[in-house]
Amino acid sequence: MSPAEVTSTGSRGTRVIGSIVLAGIVFHVLLSFVWSDPDADQGDLVRIMYVHVPSAWLAYMAFTVTAFGGVMYLWKRSLWWDLVAGASAEIGVVFCALALVTGSIWGRPTWGTYWEWTDVRIVTTLVLLLLYIGYLAVRRIPADPHQRSRRAAVVGIIAALNIPIVRFSVDWWADRTLHQKATIKLGGTELDGLMLFALFFGLILFTLIYAWMMIHRFRIAWLDEQIDRHGLDAAIAERLAESTSDVTRAVGLTKTGADL
Amino acid sequence: MWHDVRLIAGKDLRIEWRSQVATGQVAPFAILVLVLFGFALDADTVALRTFTGGLYWVTVLFSAVLAIQRSFALESADGNRDALRLSGIEPAAIFFGKATALVVQLVLLEVLLGAGVAVLYGPSVEDFPLLVATAGVATIGVAAAGTLYGVLAAGLRVRETILPILLLPVLAPVLIGATRAFDDALGTVAVNGWNWLALLGLTAVVYVAFGALAFGVLLEDS
Amino acid sequence: MSVVHLRAVVALLGRFPALAGVDLDVESGEAVLLQGPNGAGKTSLLRLCAGLLAPASGEAVVLGHDLGRDRRSVRREVGMLAHATFLYDDLSVYENVCFWARAAGGSPAEAEAAIARLEIDTRLRDIPVVRLSTGQRRRTSLAVLVARRPRLWLLDEPHAGLDQAGRDIVDGLVRDAVDAGATVLVASHELDRTRTIASRVITIAGGVVVADQPIPGRSMPVGPAPERGGPDVA
C-alpha cells in the first residue's frame, strides 16, 4: 500500500466501530439524562459522572499505553510502537482535560468553587495533564524520527513512573487538613441498577471511542512516516544522480587542485 | 566507572569555579527570588514564616533550572556533546558525574538560601537533622531528574523553554515532599516529616535509577 | 581485516541521504585523502566512521565493530578532528588536553607530551582556550587527538586555520601515525599538501565514492579497489 493510493484512514473495521460509537453516544445520552434517576444525595449532579469518570479512565488508559509504547520502542526500536505511544498521548491529553473540566463543573455546586485543592484526584490529574503536555511538546520538536522517538520514549516513561508518585504525594499532602474531603464519588447511597449500568456503559463506550480515535490517529501518523520513507528512495536516487553529474566537477577539482 | 564519574564531576566544578556563573548569577538570582516573595507577601512576617518551607523550595527549583541549563550549555558549546560521545565514557558515568557536580552546586546554593531565609523570614528550626536530611535527599532527586532532562534539552533550539515545562511537573512531588518535611522541621505544620523524607527518598531512587539507564538513550541523539 | 569496511552504506541527515551507498575499504596503515566538492559527504563519512552518524542501511564495519549494531565501542579507538574544536572554553589548554586524555585512559604526562608535540607556546598552556586564537585552539584540538593515541585518525580539514608551521606539524602527525601502524582518513581541499602524505585518493560526490586511485610515487600499500569504483581520473 503506497501512500499515494490511500484516500482514507477508515476501513471496514473503523466504520463498524464508528457506527457502534455513534449509536452508543445516543444511547448513553438517553441513559444519562432521561432513563436514569437523580442520585439521592447529589441530585442531577450525578449525571456528569457518566462523562467524567469514563474520561478520566480513558486518559489513564491512554497514558499507560503511551508508557508501554515507549518501553516497546526502546526494546524493539520500531517506529510502529513510537507512533502508537504518540497517538495515545494526544488522545489522552484531550480526555484528561475533559476530565478536569467536568470535574470542575461538578465541583462548583458541590464545593462552591471550581477548584478544591484538597481533592486529590483533580490535583493529580492537573499535574498529569501538564506532564503530558510536556510530552507532546517534546514530540513536536523537529528531529529525525528515531531521535524524536528516543526522547519521547524516555519522557513518556518518566511521566508514567510519576503517576503513582504524584498520586501518593498529593494524597498525603491534601490529607493534612482534617476536614471532610468531598471527593468526586457517587453518593453514599446504594447506586441503583440503572445508574451503575450508565457508568459502566460509559466506560465501555469511551474505550470504543479511544479505539476508534487510536486507529485513525495511528494511521495518519503511519502514512506520514510512509511518505517520508517513500521520499527516501527518491532522495537517494536524486543524490546518486548528483554524484554522476558531479564526477566531471570532481575531476575538475582534482585538476585545479593540482594547480593551486 | 568511578574514575570517569570523578573526572566529569571535577571538570564541571572546575569550569563553574573558573567561570563564576553559579556564584555570580545563579546565587544572586536565588536571593532575589526570596526578596520578591517578601514583596509579594507584603512583608507579612507571619505569612513568610508560615510558608518558609514552600518559598524556599520553589526558589531552589527555579535556581536549579538555571544551574541545569548552565551545566548542559557547557556540553552544547562547540561540539562538546559529540566529544562526550566520542570520549567512549560510559553514559551512566557521565550521568553520575554531571549529577554529582549539580548536587555540589545545589547544596552550596541551599546553604546560602538557608542563611538568606533565616535572615529575611526569621523562621525557627525545631528539627535540624530532618532539615539537613531533607535537603540532601531532595537535592539528589532534583539533580537526577535535572541531569536527565538537561541532556534531552541540550543542543535543542528550544532548550530554554522546553526544560522547565518538562522538569517542573516531574519535580512537583519533590516540591510537595520537601516542603512538608521542612514544615515539620520548622514547626509550622504538624505533620510527620520523616515519612515525607521516606517518600522523597523513594522518588530520588526512582529518578537516579531511571536516569542512569536512560541517559545514554538521550545522549545518543544529537 | 580492513580497518574500514563499508558496503552500500546509506546515512541520513534528517531526510537527506548524506551518504547514498558508499563502498569503501581502507587497510591498516593507509593514509587516505578524501576529496570532493562541498556537500559531497566527506564529513558525513568521517562522522560515520567515528560512530557519530548511524548507518541507515548497508554494512559498516570499522576497527572490527559493526556500526549497525554497536556505535559506542568504536569511539574509544578513533580520534576525530572536526570543524568544532571539542574544547571547553573555560578550561586551559592543559586542562582540556588532560581531561580528554584521561577520559581515554591516558595520563597527564601524555597530555604534556601531546602539547609539546603540537609546539604550543608554554606561556599559553594555562590560559583558558576561549582567549586563544583560532590556530592555537586548532592545535589544542590536535593535541587532544595525539594524547588519545587513536588507531584510526579521522581528520576533517586539518590544515584549516593553521599557519605554515602548524600545517607542517599536521603532516608530521599523519606520517608518525602511519609509521606507528595507525590508519588515517583526511578530508581536505588542500590537495597538493595532502597528496604528499596520503597514499591513496578517494573522490566523493553525491554521497558515493566516484573515484579511487593510488598516488604515484607513494610506496604505501594500497587496499583492493572497491567493487563500485567510478572512472579512474588519475
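By letter and in written order, the chains are A, B and C; residue numbering begins at 1 in each of them.
In this section, contacts are C-beta pairs under 8 Å (C-beta built on N, C-alpha and C of every residue); 3 or more make two chains touch, one makes a residue touch a chain.
In UniProt terms, the chains line up like this: A, B, C = Unannotated protein.
Note that the structure is a prediction, hence the values are computed from the model and not measured.
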Examine which chains touch each other and state the graph shape they make (line, ring, star, complete, other).
complete
Which one of the chains is closest to the middle, using the mean of its C-alpha atoms?
B
Please flag the chain sitting at the greatest distance from chain A (Unannotated protein), going by CA centroids.
C
Approximately how many whole Å separate the CA-defined centres of chain B (Unannotated protein) and chain C (Unannotated protein)?
39
Mind checking the centre-to-centre distance between chain A (Unannotated protein) and chain B (Unannotated protein)? Centres are C-alpha means, answer in whole Å.
30
Cα centre of chain A (Unannotated protein) to Cα centre of chain C (Unannotated protein), whole Å, reads 46
Please list all residues of chain B (Unannotated protein) that touch 2 or more other chains.
220, 222
Interface hub residues of chain C (Unannotated protein), defined as touching at least two other chains:
none
Going through chain A (Unannotated protein) residue by residue, note those that touch at least 2 other chains and give them in order.
146
Along chain A (Unannotated protein), where are the residues that touch chain C (Unannotated protein) in the complex?
144, 146, 228, 231-232, 235-236, 239-247, 249-251, 253-254, 257-258, 260
For the complex, give me every residue of chain C (Unannotated protein) touching chain A (Unannotated protein).
10, 12, 14-17, 20-21, 35-37, 40, 54, 189-192, 201, 203-208, 210-211, 230-231, 233
Chain B (Unannotated protein)-touching residues of chain C (Unannotated protein), taken from the complex the two chains share
50-52, 71-73, 75-76, 78, 80, 82-91, 95, 99-100, 102-104, 128
Can you list the chain B (Unannotated protein) residues touching chain C (Unannotated protein) in their complex?
3-4, 7, 11, 14-15, 18-19, 74, 77-80, 82-83, 85-89, 220, 222
Which stretch or stretches of chain B (Unannotated protein) touch chain A (Unannotated protein) in the complex?
145, 148, 152, 156, 158, 162, 165-166, 169-170, 172-173, 176-177, 180, 189, 191, 195-196, 199, 202-203, 206, 210, 214, 217-218, 220-222
